[in-house]
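Below you'll find the structure I mean.
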Amino acid sequence: MNLNYLRDTQDPNQSTQTVDEERRNFLTAGLVGGALAAGALVAGGAQAQQATKATDPWWPHPKWGKDDQAGASNWITPAKVLDSAKWIKDGKIYRVGRVYDSGMPFYGKRTFQIRITPVAASFGTNKLVGHDEFVATEIGQTGTQFDGLGHIGVQTGNEGDLKEVRFYNGVTEYDMIDAYGLKKLGIENCKPIFTRGHLFDIEGLKGRMMEVGEEIKLADVRAALQKQNMKEEDIKEGDAFFFNTGWGKLWMKNNDKYNSGEPGIGLEVAKWVIDKGAVMTGSDCWATEVVPNPDKNLVFPVHSELIPKNGIYNHENLDFTGLIADGKYQFVYIFSPAPIKGATGSNGGPIALT
Amino acid sequence: MNLNYLRDTQDPNQSTQTVDEERRNFLTAGLVGGALAAGALVAGGAQAQQATKATDPWWPHPKWGKDDQAGASNWITPAKVLDSAKWIKDGKIYRVGRVYDSGMPFYGKRTFQIRITPVAASFGTNKLVGHDEFVATEIGQTGTQFDGLGHIGVQTGNEGDLKEVRFYNGVTEYDMIDAYGLKKLGIENCKPIFTRGHLFDIEGLKGRMMEVGEEIKLADVRAALQKQNMKEEDIKEGDAFFFNTGWGKLWMKNNDKYNSGEPGIGLEVAKWVIDKGAVMTGSDCWATEVVPNPDKNLVFPVHSELIPKNGIYNHENLDFTGLIADGKYQFVYIFSPAPIKGATGSNGGPIALT
Amino acid sequence: MNLNYLRDTQDPNQSTQTVDEERRNFLTAGLVGGALAAGALVAGGAQAQQATKATDPWWPHPKWGKDDQAGASNWITPAKVLDSAKWIKDGKIYRVGRVYDSGMPFYGKRTFQIRITPVAASFGTNKLVGHDEFVATEIGQTGTQFDGLGHIGVQTGNEGDLKEVRFYNGVTEYDMIDAYGLKKLGIENCKPIFTRGHLFDIEGLKGRMMEVGEEIKLADVRAALQKQNMKEEDIKEGDAFFFNTGWGKLWMKNNDKYNSGEPGIGLEVAKWVIDKGAVMTGSDCWATEVVPNPDKNLVFPVHSELIPKNGIYNHENLDFTGLIADGKYQFVYIFSPAPIKGATGSNGGPIALT
Amino acid sequence: MNLNYLRDTQDPNQSTQTVDEERRNFLTAGLVGGALAAGALVAGGAQAQQATKATDPWWPHPKWGKDDQAGASNWITPAKVLDSAKWIKDGKIYRVGRVYDSGMPFYGKRTFQIRITPVAASFGTNKLVGHDEFVATEIGQTGTQFDGLGHIGVQTGNEGDLKEVRFYNGVTEYDMIDAYGLKKLGIENCKPIFTRGHLFDIEGLKGRMMEVGEEIKLADVRAALQKQNMKEEDIKEGDAFFFNTGWGKLWMKNNDKYNSGEPGIGLEVAKWVIDKGAVMTGSDCWATEVVPNPDKNLVFPVHSELIPKNGIYNHENLDFTGLIADGKYQFVYIFSPAPIKGATGSNGGPIALT
C-alpha cells in the first residue's frame, strides 16, 4: 500500500458531505480516503474502539523483545521447520506468486517498469553475447508483494510529528527514515519463511467470488475449516494463514475493479489470527483485508493491527488456483524475502509444497 | 554479466599489442575485453577447440525438446523434491544470498538504486501511515543473481546479425528481443528450484583464498569431495553444484579487487557438471567461472556452455560462510525465482536447508 | 517514438486479412503496426516511391560532411542568431512546452515516473532541510520531446543486420549501440537552437481540430501563410517550422484518442520543409506527421526522411495556445537540449520569444 | 543537495570531539555533517547571528505576495527581457551546462543512470527502426542542476515536526509533501530565465583555483568587477550572478576532491546578492557556496538564505570555460527549466549569449 498521497482530515467541523465526497473519490479512483466526521464516532462499534487505542504503546514486543526487528518471522525455528517438513508428502510445488508484468493492477500510482538492454558485438572465439534488464518499481509493493515491518506505522502523536510516527517495536519514523533505505526494520531483517500454511477458501465456501467491502467473518473461517476437513486445533503457533476470496480472478482481467476495493478479513479475524500466533497472512487480494472497512472511520485497520503492533507479515496478490484445483488446503509455505537493505517489502516467487 | 559495451574485434590483422592493451584495460577496469589475434589460435588447446564449436547447432535440446523454455529446471519433479527432502534433518536454514545494497560490487556499469518515499498525513481513526521504496536496477544481474536462459547467447552467424544470435534451444535474438521484456526465455519460465546441493569448498581445500584467474580443476573438485567425506557417486541428476573460492571475502571490503576478475571453474569442470546433469551451478564469485580464462581467446566460455547450450542456471554472488562454519556441504537448496516477465535473471533470497 | 516491440512482416505471402488485423490493433492500441502485402505496392503513389528509396545511401551529408553529428543544428551560427534576434520586439516569453506529469499520454509502453525522497533531521544552527526527486523515464521520448539523430534509423540491408541499420550520416547501429548510452549521435551533439520560428495554424485555417490520419498538405500550409499575413519568401534557411492541428486539445483530456493516431504533415510537406533548409519541425501532436500515413505501406515516413536522411530535428507535444491567442505566428524559438550523453532526445522547456 | 540521510544533533551536551569526528567524516565522505556544540555559539560572529534567525518568519514574501510560488523568477518581465536582449551583440552562444554522464561527481548517493533500449525489426516499406533511452536519476539534483524552491527548507519548530518545516513563502513540508511530486513549489512554477548575467571570475582574479572551504568575499567580487572592467552600479534588479572559482577543473578529473567540499560565496556575498535583487546565482561548483562554511555551526547557510527565505534560484555545476577564454563576463543568460511537475529542480542546457 502507499498512502502518502492520501489525506485524512481530523477536523471535527468537517461536514459529512465532504466525507462522502472523499468516499466517492475512493470508490472511483481505487484509493482510500477514509474520512472522519467527529459525530460518526457515535456509530463506531467494537472495531472503532479498537482503533481508538491507536496511540497506546504496543512496544516493546512482549515475546520478541525491545530490540527485535524480525517480528513474527522469529517463529521459524529449526523445530518449526522440521515439524512443517512433515507435510511434504507428494513433492508437488505450487507457484502461488504471480508473474511480474507492467500490466498488473497497481495500488495508487505505483509502477513496474522493465526495459531490456541491447545485444551488440560478440566476445572471444566462443562469440558470447549477453544482455540485461533494467527494472524500476516499488519493488516491495507491486505485484505479489510481501509487506515488511517498515511499510506501515501509526501516527501516535500530533499529525506531522515524525518522532511520534511509530512502527513495529515502537521504532519512530524520525529514527528510521533515510532517502536511500530505511535505517531500521528493512526487509533484510525478516527471516526466511518455511512453515505450515492453511488456506481458507471462502470463495469455495460461498460458491461465488466475494465482493468489494465484503468481510470474511470468523464464522466463515470456521465453516471453511469444516468444509475442508481441517481442525482449528491443528493450527500451531508460527503457521501461515491464507484467504481465497475469488478476487484474484480479476487480475489483469479487470484491473479497475480489482483496485476499486476488495473483500477480505476485518479486525475480528485479524484478532483471531494474532491469537493463533501467525507468522503471516496472505490472500488473492491486494491488501488481504476488507476495503473499505465496514467501519468507515477505519483505514486499513488490519494492516495497522498486524504489522506495526504485532510484527505479522502479509503476502498480497497471491494465486491459489492450483492448490484449490487439487483440493490442497494445507502445505508447506516457503518464501525467503529478497534481503533488500532498508526496503519496506519484497518481491519473489512464493511456493506451496505438498 | 553485461557485455554490451565491450567490443571484441575479430580483425585478423589486429596487432598483439592492441590485444594486450585491451587485456590490461580489463584488469584495471574490472571488465572483460577478451581479444583475439588470429595467430593466437595456434596456442589454443582443448578449450579453444571447444570454443570453435560455437556455431554448431546445439538445438533442439535432446532431453527437454525443441519448444522447451525451462531448461534444466525441468529436473525438479515431484520425485526429485521428495528425494531431496530426505536431507532435511536438523531444520536449520542458512541464508546463502547476500543483502542487496547500493554499495555492492557491480559488473561494469550496472547499478542498484533504492529510494524511500515519504510518510505524510495519517488515515482514519486508526491513524495509519505508510511508505514504499522505489528501486531501479538490473534486477536479475546485480547482487545475488540467478542467471536465466535469456541472459547469454552466442553469435552463430555474421557479427551484428540478430537472426544468428542464438540462445537456449536456438531461440534467436531477433525473435525474442523486445524493449519491454524478452518475448521468450524470460525468467518466468524457470521452475522453482528445490533440490540437493553439493558445496565444494576449494578455499578450504587449499587453505587460502583462490586468486584471480585461478581455475578450479576437476582434481580439486575430487579432492574436496574426499576431504569433505562426500562421494562422487552420490551425486544425482538434477542436483546443484556450488563452489567456494574465498573470493566472497572481498565483498564490500575490496570491490575493486572483487571485480578485477575471479577464480572459478573452467571448461573442464563445466563439462563434468553438464555430464552429471546439473540443474544449476553457483559460487561466491560474480561469474562462477575463472576470469580471465586461461585460454585468452575465450570470454566467459563456461557461461556459453552452460546457459545457452545446456540450459543450466547459474547463481552468482552467494555466501557460504554459515554452511562452512557448520561443516555442512550437502543440503536442500531452495530458490524460487521472482517470475519477472521477460527478465534475464532474478534477485531473491536463496536458502540452504539441512 | 519507440517501435521496438512492433513487428512488421515483409512476407509477400502474408494475407490481407492479417494486415487488416494488425491495422486494427494499431488503431485500438495506439501503436503502429504498418503492414505490407506485396500486392499493395501497386496502389502506392509518389510517397511509396520515395519510401522504396529507403536503401539508397543518404550519406555522407552533402552540406555538413561525413563526420558531422550535429545535423541541421549547424544552421545556428552567430549570424543566424543575430538575424533571429531582430524578432525580439515586445519581450514576451511563451512557454510552448508542456508540464511533465505521470498522467501524460505516452507512446506505447513508455513511462514518466517521479518520486520524492523524504525530509528528515535538520542540519546546523540554520536548521536546513532538503529533499530531492527521483525520476525514471524515457527522458528524450516522453512529454514534450525533442527527437535527436540517434532516435530513428532505417534498415538498409537484411532484417536483423545491425551493420545495415543506418542513422544520420550513415552511422550504423552496430557502431553506435551501447547499453549505457549511444556511442555516436547522442543528443549532446546537437547545438542549442536559437532561430526564427514559423507557426502554421492549420486548426485555425480549417476552423476545427484536424482528425486522426488527416494530412496537412502544402496547399494548407500556403493558405495558412496567407491567412496569417506571412510570406513564403520570408522563410530562411535554418528556420524552424511548427504546425498546429488542434490535436493538443486532447492532451490529458482524452489520452486514448490522442494516442490513437494523429493529424500531421506527410511526405509532401516534409519535402518542402527539407527544401527550405529547416533546422527542425514541431507540432502539438506526438509525432508531427500524419498517423497512420495515407499510404498504408509507410510507417512514420516523415521521421525517416527528416531525421536520418536530413539530420532535421523534431519537437513533439508542444502547446501553441498562448501564441495563437495573441496572434503570434513568428517568433524567436529557443531550445537548448539537455546534453545527455548518448541519449536519443531531450526533455526541456522550449520557449517562443516575441 | 540531498541532506536526508545526514543527521545533525542538537544535543547541547555533545562533546566537541564528536563534532570533530563528524567533520572528518564529512571531509572524507564528501557529505556534510555540520554539527553543533552549544559552546561553539560563543565563537559565532555575524553569520551565526544571522543563522540564529532561522525560525523568524520570512513569509509572506514582501514583494511577490503570500501565494506566490515563482519566487525571484518574477523578475523576468517583458521589459526585463527587452533590456537584456540589448546585450546580444555578436550572436555567439556559449553552452555553460555540462554533459550529463554517469561518471559525473554526485552529491552523496545520488545517481545518473541511462540505458538504451534495443532496435529490432523494421516497419513499413520505408523500413524504419527506432530506439529510446531510459534514465533514472535525481533529475533536478544531478549534473548541471537548477535548484528550485521545493528543494531546501528550514526546520522552524521542533525536530521532526513537518508542520514546522518551512519552505519559500512559508509553505510547510506537511502541506507540500507527496510521494509522487511536491504539491506546491514544484519547478514547474518557475518562469523561464532570460536575463543579464554577470560572471565574477575569482579564479582569474587570484590567478589560481580556489580551495575547499575558501570563501569568496565581497572584496573579491568588487576586485573582480574592477579587473573585468565592470561597474557595480550597472547591475540591475533581476540580473543573474555567476562565480567562477576554478573548482570546475576537477569535474570528472578528480571527483573525490570535487565532492570533498568547495570554495564559494558565504553569507556576506549572499546578502549582497539578495540586496541587488538577484533572480539567481550560479557557479562552477556543486553548491555555489563555501563548504564547509567558515562558521562550523552552519550547514549550507547560503542555500537557506537564498532559496526558502528569498526565493532566489541557484544553478550548480556550470562551466564558464568558453566565456572566460573569450573575456566575456556579461551576457544574456537563458535557461528555461523543464517544467517537471512537483520536482525540486531541473536539468537542462543553459546558455550564455553575447
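Structural remarks
All chains are identified by letter, namely A, B, C and D, in their written order; residue positions are counted from 1 within each chain.
Everything that follows uses one rule, which is that a residue touches a chain if its C-beta (ideal position, glycine included) is under 8 Å from a C-beta of that chain, and two chains touch if they have at least 3 such contacts.
Please read these numbers as outputs of a predicted model, since none were measured by experiment.
Under the contact definition stated at the top, the chains bordering both chain A and chain B are C, D.
Two chain pairs are in question, C-D and A-C; the one with more C-beta pairs in contact is C-D. A straight line joining the Cα centres of chain A and chain C is 44 Å long.
Inter-chain centre distance (chain A to chain D, centres taken as mean C-alpha positions): 42 Å.
As a whole-number value, the distance joining the C-alpha centres of chain C and chain D reads 32 Å.
Residue numbers of chain A whose C-beta contacts span two or more other chains: 2, 4-5, 102, 109, 113, 115-121, 131-132, 134, 136, 159-160, 162, 173-174, 177-180. In the complex of the two chains, the chain B residues touching chain D come out as 102, 109, 111, 113, 117-118, 120-121, 131-132, 136, 162, 174, 177-179. On the chain A side of its complex with chain B, the touching residues are 1-8, 32-34, 36, 41, 44, 48, 51-52, 54-55, 76-82, 85, 88, 90-93, 95, 97-102, 110, 114-141, 150-156, 159-160, 162, 165, 173, 177-182, 188, 191-192, 194, 297-301, 303-304, 334, 336-351, 353.
Chain C meets chain B in the complex at residues 2, 4-5, 109, 113, 115-119, 131, 134, 136, 158-163, 172-174, 177-180.
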